[in-house]
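Chain IDs A, B and C follow the sequence of writing; residue 1 opens each chain.
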Amino acid sequence: MPRWLRSGRVIVGLLIVLAVLSCALFAPLLAPHDPDEQDLLATLLPAAWQAGGDPAHLLGTDGLGRDVLSRLMFGARVAMTVALVASFGAMAVGSVLAYVAGYLGGWADWLIGRAVDVWMSFPPVILSLILMTGLGTGASNVILAIVLVDWTRFCRVLRSEVLVVARRDYVAAARLVGFSHWRTVTREIVPATIPLLVTLLTLEMGIAVVVEAILSFVGLGVKSSQIAWGQMIADGREAIYQAPWNLLAPVAAIFITVAGFNMLGDGLRRSLDVRMVEGRE
Amino acid sequence: MVDLSRRTLLQTAAVGALAGAMPAQAAEADGVTIGWPSDVTSWDPNQRFTPDAQAIFKMVFDQPLDQDPKLKLVANLVSKWEMAADARSLKLEFRDDVLFHNGDRMTSADFRWTFFERIKAGHKVDIAQSFRKVTDIETPTPTTAIMRFDSPAPTVPVWLAFLGSFMVPKAYMEKVGVEGFSAKPVGTGPYKLAEYQLNARIVLERNDAYWGPKPKLRRVTIEIIKDPSARVAAVQSGQVDITVGVPVREVARLKAMPNLAAELNPITRVILLQVRNDEGFADQNIRLAAHHAIDKKALSQAFYAGAAVPLSVPATPGSPGYLDDYSFAYDPELAKQLLAKSGFGPDKPAKIRMASTNGQFPSDYDMARAIVQMWKKVGIEATLEVIEYAKYFELNRGNKLPEATLYSFDNATGDPEIYTGYLLNPKLPFSPWKDMGLGQKVIDQFNVADETARIAGWRALNREAAEMGATLPLLQSVQTLVRKKSLNYTPYGNGWLLGQTMSWS
Amino acid sequence: MILLATLGRRLLVAVPILLVVSVLLFVALRVLPVDPAAMSMPPNATRDEIEGARRQMGLDRPLPEQYAIWLGHAVHGDFGRSIHLRRDVLPLIGQTLPGTIELAVCAMVVASVLGLAGGLLLFSLRGRAAEAVAETGTTLLMSIPEFLWALLFIFVFGVLLQAMPFTGRLDPGLERPVVTGFLLLDALLVGRVDVFRSAAVHLLLPAVALGLAFAPPIMRVLRSSLLDVYHEDYIRQARLRGVSETRILLRHALKNAILPTLTLMGVQFGFLFGGSLLVEVIYSYPGMGNLMVDAVRNADLPIIQLVGLTYCVVVLLINSLVDGLYLVLNPRLRKR
């Protein structure tokens, strides 16, 4: 068993993430109801265990009489898709730029460094809001916005790591032996930064889940026909007195998912012995 | 205020003496706090058409003509008005006892300024569009004015009591400029603006020199609370005395509280689907099927506690354009037959797009999602997109609205021209229906000067539009209102909530 | 002196960044699929009237020219007029920024207090069984972003307990003193205890919600910095000299461990400032975030542009300040 799998955090985190992922994948099989099926005669039912609840709807129904639990499961699809695709995208953009900047140095480093400075002067929430205003709603635009905002997270941290690695003897040796730049980077530098990359990636997934929820919450996220947790929260806020589970269920779903990614990331960071500056968003 | 005239000084002294006799802090019985959903966009009341701000403006400013609670047009600053038979001129007589808050007397010169000179001077005011037909305003005496129009304008009196038509003082505005005016607005209304914090609160003090019936309450505080659930919390905790626009579902819950009264008041707002005459809706069968498939009663039940009246024409019950003897049936079977005639069905659905606002009016988005579901059952597959209200006009100008758009149209006057004449006029930005067959009839109807013929014409058009599927009226909107039981107010058919009508019992 | 010099230098660097940001904002907002000219007119305007407005707003000119015009006006303090509200944009910022700063500063105080206390607690638990529990606790805390805290607080304190107000900045009925725009400060300046109380109560939920979300990273950095510092020789020497553990922690270790924590707090403050937007929306708090969201809804470009820029200015200012403080607190860096 590899070392990183012996960490309790990694296992717990992985289990949570896998659970959410299977909810997303098998939502059509798991969900007790069609998540879009409305029943205008049974709107805002409370949870099954509360007075007036219906055992058929474990977490009650929303303002259109749709089953909250089923929507929660289908909501995991958007959340996980965005989390996975957006963080890989942000990693791809950020890390390529980081390798270029860290390895080449000089004007490339300067240029990329300044770009990061400009980006960092923007609070991420504001930047993603402005981007979504321009791009319009939709899951792919949410992903694009997250990539465009969050590549700096990877670039900043990875660049300093590349700088350290690039100065190591074996990298110099590789160049002396006559390896091309491409080969030096891909064979020597990239492998040395993989642990950091994996850790950052995991943490970014948690962030992406939150950002997607935020954007959907303010109505600038996925298309309205898609089921998203942020949108459920926005809907549920209207009915906070009648059917609080409309609000609490998606809040809990976001918390659990993000916690899963964070546990996993944290565990990986420790067991892979990655040193990085902490901070969020 | 700026520059006090002698008269103002005397008045201020009188007001001061009065105020001095009263306790410094407004007691509850002497004031009211209103929880209101939106701020004024500017204190220049002519500037922006915002239906929500209309009630606030009506406390500080006066309109030349007014509407009573039943929406009948009544005298106000204008004591008498007379439309010429050809509807090309309007004679007005003004009261002579009206003072602006700064003490200046209101005359016909102020009227000419507000509705003509300002516009010609290039002030950016929305009323410029309402009074486009005005070629001149003559002011033979300080209390008379004659408006001249370049074409028949039978609805100008209605417009003088409508959006943005508030009298502003010529002398004062010329002196301080539009910016200065917006900072320190001066009207003739029953209240004066005492304090204003953008997006937060408006405090009004009674105008003791008011020409009309004096308000009972000395102070009106308007708290701007944009969030509906926050308005609920505020009225529940007693932080505000009265509020509107709370979620319909909350009304039943708040009604049960001992000290609160909660009401669903039908208003002049219609909720309807604005439709295109082409693309997926080119076929009349599909449009009519879409209309027959909507269970308006269920929508009303689910989202308006059954209080919203299902409509068959774009006019509200009691207004001149309404047809008591006509109704468009909810009949999903008929809808399926109509679709089958055009070769569609649940297995081969007709595909259209639909747009809705989210949060523009109560339950808009929920209703749109429910309609999509109702259509799905008969064989119409609609993809729903959310648009901002402000974008509606822009999309429509570019002919880019989808086949159906859920829309709420407020017509505080109740006049059929401002319903059908706007909603189905291809020349105006409200209508995505661009077919000139119906369109020309609508446009021609604007020039009918005879009142009886005019109303009859609109009623006929309403029916024709519904029967050809050019409009899909849904519900008459309701205003949700929650207040302390001991607070009295006068409900208006168009939802105005006016401090001057309030009192404590 | 050093602080001022660093600040000055940093601010000089910030100017080109701001310029680039303004260009990006300008371009990004001009490709929006909205027509500001059409939106500035009432619904019953004609096509010609809209075209007239477009020419008047300069929207028919090429983009670089539009930007040059905008910049020319901007350096003279004219940031244009709001399309929707039809008033100058700059005063709108003046009216809303203090509220946002007040919220952000209070939240930062909450975050710092909780973060530092939590960090010390985590550190003091080192090597004990409870450490693992506490660390898992911080991981879980980190998984609750500010908007979830904000919603949870409304549910618990507003709806369930009905103990706290959760909208606006002040109880209705209280007159708001306007001196500086910072409500708490103004209330004290005019000596209104009731206003101060009400403002503080209104600020509590949003500030704690926002602060809580940013406290956990501070805890962790303080803890790991303390752990690092304890490996240093001078700690061992102090111990040998018989200095008490508390004194070592507070006098020696904390002084050195605080530096990385401070840097992080600076970065955090920038993020927190942006995060205030959602909290403002949820608590109907009349600040810049609400102004921004309204502007986005109405596609009010001049407002979006200036608000975006203001957020950047504040973040850059904070970063410069933190850099300056860092140098003041860390004499070793100065000599280099």
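Here is the rule we go by: a residue touches a chain if its C-beta (ideal position, glycine included) is under 8 Å from a C-beta of that chain, and two chains touch if they have at least 3 such contacts.
Please read all numbers here as calculations on a predicted model, not as lab measurements.
Interface comparison, A-B against A-C: more C-beta pairs in contact at A-C.
Distance from chain C peaks, on a Cα-centroid basis, for B. Chain C has its Cα centroid 38 Å from the Cα centroid of chain B. One simple way to say how far apart two chains are is to compare their mean CA positions; for chain A and chain B this gives 44 Å. Put simply, the C-alpha centre of chain A and that of chain C have 23 angstrom between them. Residue positions of chain B in touch with at least two other chains are not found. Annotation for chain C: residues touching 2 or more other chains are 159, 299. Touching of two or more other chains is recorded for residues 237, 240-241 of chain A.
For chain B in complex with chain A, the touching residues are 228-229, 232, 247, 249-250, 253, 298-299, 301-302, 358-359, 363, 365-366, 369-370, 373, 383-386. Taken together, the chain A residues at the contact with chain B in this complex read 36-38, 40-41, 43-44, 63-65, 137, 219, 223-225, 237-242.
Of all residues in chain C, only 34-35, 38-39, 41-47, 49-50, 84-87, 92, 95-96, 158-159, 162, 165-173, 175-176, 178, 284, 286, 290-291, 297-299 touch chain B in the complex they form.
Residues 14, 17-18, 20-21, 24-25, 28-29, 31-33, 136, 139-140, 142-145, 147-148, 151-152, 154-155, 159, 213-214, 216-217, 220-221, 264, 267-268, 270-271, 273-275, 277-278, 281, 292-293, 296, 299, 304, 307-308, 311-312, 315-316, 319 of chain C are the ones touching chain A in the complex.
On the side of chain A, the complex with chain C involves touching residues 9, 114, 117-118, 120-126, 129-131, 133-134, 136, 206, 210, 213-214, 217-218, 220, 233, 237, 240-241, 244, 247-248, 251, 254-255, 258-259, 262-263, 266, 277-281.
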